[in-house]
Amino acid sequence: MSSSVVPVAVVGAAGRMGATTCAAVEEADGLELVARIDAGDDVGAAVRDSGALVAVDFTVPAVTEANVHAILDAGAHAVVGTTGWDEASRSRVVEHLDRLNAGREDGLGVLIAPNFGLSAVLAMTFAAKAARYFESAEVVELHHPNKVDAPSGTARHTAAAIAAARADAGLAPSPDATESGWEARGADVDGVRVHAVRLRGLVAHEEILFGNVGEQLTIRQDSFDRASFMPGVLLAVREVVGRPGLTVGLEHVLDLT
Amino acid sequence: MSSSVVPVAVVGAAGRMGATTCAAVEEADGLELVARIDAGDDVGAAVRDSGALVAVDFTVPAVTEANVHAILDAGAHAVVGTTGWDEASRSRVVEHLDRLNAGREDGLGVLIAPNFGLSAVLAMTFAAKAARYFESAEVVELHHPNKVDAPSGTARHTAAAIAAARADAGLAPSPDATESGWEARGADVDGVRVHAVRLRGLVAHEEILFGNVGEQLTIRQDSFDRASFMPGVLLAVREVVGRPGLTVGLEHVLDLT
Amino acid sequence: MSSSVVPVAVVGAAGRMGATTCAAVEEADGLELVARIDAGDDVGAAVRDSGALVAVDFTVPAVTEANVHAILDAGAHAVVGTTGWDEASRSRVVEHLDRLNAGREDGLGVLIAPNFGLSAVLAMTFAAKAARYFESAEVVELHHPNKVDAPSGTARHTAAAIAAARADAGLAPSPDATESGWEARGADVDGVRVHAVRLRGLVAHEEILFGNVGEQLTIRQDSFDRASFMPGVLLAVREVVGRPGLTVGLEHVLDLT
Amino acid sequence: MSSSVVPVAVVGAAGRMGATTCAAVEEADGLELVARIDAGDDVGAAVRDSGALVAVDFTVPAVTEANVHAILDAGAHAVVGTTGWDEASRSRVVEHLDRLNAGREDGLGVLIAPNFGLSAVLAMTFAAKAARYFESAEVVELHHPNKVDAPSGTARHTAAAIAAARADAGLAPSPDATESGWEARGADVDGVRVHAVRLRGLVAHEEILFGNVGEQLTIRQDSFDRASFMPGVLLAVREVVGRPGLTVGLEHVLDLT
């Protein structure tokens, strides 16, 4: 193995996202798939034996935290796409990283991303940056009709980021003279209205609308296929190596300067 | 006055829509503005004295029905853009027309249109026609934030027409697995979800979304200015002359064959 | 076989569209797949032996006309999705049908459809109907970047239909003050500007834009997957039986009244 | 005048943009309109006599450079919305500023902005940032049909910024298999395709499309009215005071971190 190739292990390799990740790593320049790890395997031993520099976890909420600690103890960086991380579980990873990285310049990193879709992450990031410059802001998310929750986590997250940016800038609430028919006005997420459309044929889409007198800015992202997450996963694998400590959100490894 | 020019009176000529109509009639080929009638005027006498063949009513719900009866008694056709017409008031106009038109081949006509926007009327009409061919349908309306009711009358009307077409075709309800977060799923109009967005800078807009496996049809209309209603008003003025009896809805005078 | 079930043969059953059609027929209520016919088979004999009432042809331009004549001689109706039909080949089918159907009330039918996507056909049909009511009209089609021709056949067809409707209504050309930069103004199809966007991640999409003073109407259709053509193919199979003679275009079997 | 209120002069006060600016300054918190200056006036003397801290220039290309030098000599900062600045004219302003500001910590500033629309500037800025993350990128601009040039300056600028970002990131050209019909593929601006739509009823709009396998990001901005430029003009007036030297582009005074 040449020194410029990063050996990568995938935990949850038999799952849909895991399998797609294995395929993407195998095709990627500069990355080499060295282990496919699944339920029943000893994650720590498997990572260590494979010589992986980075391990990607696409498993389930019940095991992802334990996997990350095992990956770190095995000396590898971790990229995590599994959901279910709360404040407490993140704190325990930070403590573990602090312990391992103490006195090291080039310590281990963990990157947890709720969303690896570049278009979704960019849309959210741009929406947060634009928010302070518009009088009105609303979010419409559109998904396939098998989705059980509304609005989507991405839309909630986007609306919360918009609300926080508006608050920071001292903006008043978006103007709204509605007196009747509030049920048509969507969910209220920190004061930002979020609408959920469910339509056969769609996959996962988000549209963020900003308005001032005489102008509108619309940011829309469409995810048609889970293949669309792979550029983000590969970027995370490449970037986690030089980024010791915990990073939450793919937006922090994007170069948006 | 040449026989090919239609003399037109405008009732409510000092109001915003009335004034815009006066200007549009004055500029239109084949039409001549012969009377500007307002509150305080005797509508019947004014229409009769002007020699108007068609009178356009843009007044207020409280007086529009009386105006129409006066216009008919003065021997003119009526085009009505004022809202507030219910089943009973429409029936009284039908009776009046039946009485006046009995035994005449080329009787008087009344055209009541809740919306003179061609793009809005076409969008609604096409949506109703398309509805039977799609598994899913939802409506999003977007307006300026000073609007007090939600969803808009146009969106309600569109959703009801879609629902009726789906019922006629024996379609099942649009699929929807939502278990939580119903407040983000919009208002339920006869089983069709309707979402209302309020944004500074917008005027009046409607987007109708249809979905099947692997495909989507979207019909959108934007009204930026009340000037956009004038082509529809002029079309109604021209068409009402050859159309005895009551017609409700501009779509009935459009040639969509 | 019950009298209410239509036996269907698929010619070109091993191709992508043919195979998708076979699967769709097998799952459809009221239809039964009775033959999968491919290159090398005697189409006429295979259709006759199968007892098919309708045969669907998804083959190649070089053989589709011969296939249709063989299907008709075998006593079956034909639904054709293969491209490459010109005026002359259509005339020969009409002559054949006239000969076969002479003196019969319930003769054979052939339905040739360049596009079975309901959203695409509806978009085109609505665009043609709307065209006479707007001062400006343009078409934007968006496809995957592997497409070799521009603009798409669907977009050309749509623009030509818009142009014809405008001409019928006596409309002047869409206003356009462009003095420099014509290369950005798209292709001219009978006076209607057509723009072609090529973007990784897209499949086949079309957006038709109409504008008047103060208003806009937009009709957009998205095809994400060839599965989206199946509702149109099944509709054609069901409708061709009661429709003797040649029909070109799925729009003629849609109920748009 | 309280020390916290900024006195503002408007040069070209009788023009459309100038008059709108005067009205906006008069209504703005913290700003005071102290001079309306027009053709025939001595700009330098008028600015000096008014005590303006900032002068806004909305004039014509032939006089804007001379106006800026006069404003600087009168001791005021300048905000410039007039077009027609080339490399040489900008250099002369830089030299003038260097001379005036030498040895001063809090020197004079000039802000030249080709576009004061926040939505337009944000769309361009976000597009440039997103560009490196997508395989495909195209630009569609849509304007009223009285526009004489195509594509718009904003669209050219956006495409050039996308092209530069793609080059920096080492991206290959956007994939494009087009073999015929290039006239539908838009103008080529540094390798990025730009399409220009002209439609009655529109004002000024831009849509930037990015695509990867399985995903799309769309950034769209709509300018309906020149009132939409005022938030950007007022922001420029407030920000130029603390920003010595020449700044080109409103994006540099936006807080997008």
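So that you can tell them apart, the chains are marked A, B, C and D in the order they are listed, and the count of residues begins at 1 in each.
One rule holds for everything that comes next: a residue touches a chain if its C-beta (ideal position, glycine included) is under 8 Å from a C-beta of that chain, and two chains touch if they have at least 3 such contacts.
Just so it is clear, the structure is predicted and the values come from calculations on it, not from any experiment.
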| item | value |
| --- | --- |
| Between A-D and B-D, the pair joined by more C-beta contacts | A-D |
| Which listed pair, B-D, A-C or C-D, duplicates the contacts of A-B in over half of its pairs | C-D |
| Chain C and chain D: spacing of chain centres that average the CA atoms, whole Å | 47 |
| Gap in Å, rounded to a whole number, between the CA centres of chain D and chain B | 42 |
| Centre-to-centre distance between chain D and chain A (centres being mean Cα positions), rounded to whole Å | 34 |
| Where chain A touches two or more other chains, by residue | 134, 201, 210, 212-216, 222, 224, 228 |
| Chain A contact footprint on chain C (complex, rising order) | 201, 222, 224, 228 |
| In the complex, chain D residues that touch chain C | 134-136, 138, 140, 142, 145-151, 174-188, 193-202, 209-216 |
| Chain C residues touching chain B - in the complex, by the definition given at the top | 117-120, 122-123, 126, 129-130, 132-134, 210, 212-228, 230-231, 254-256 |
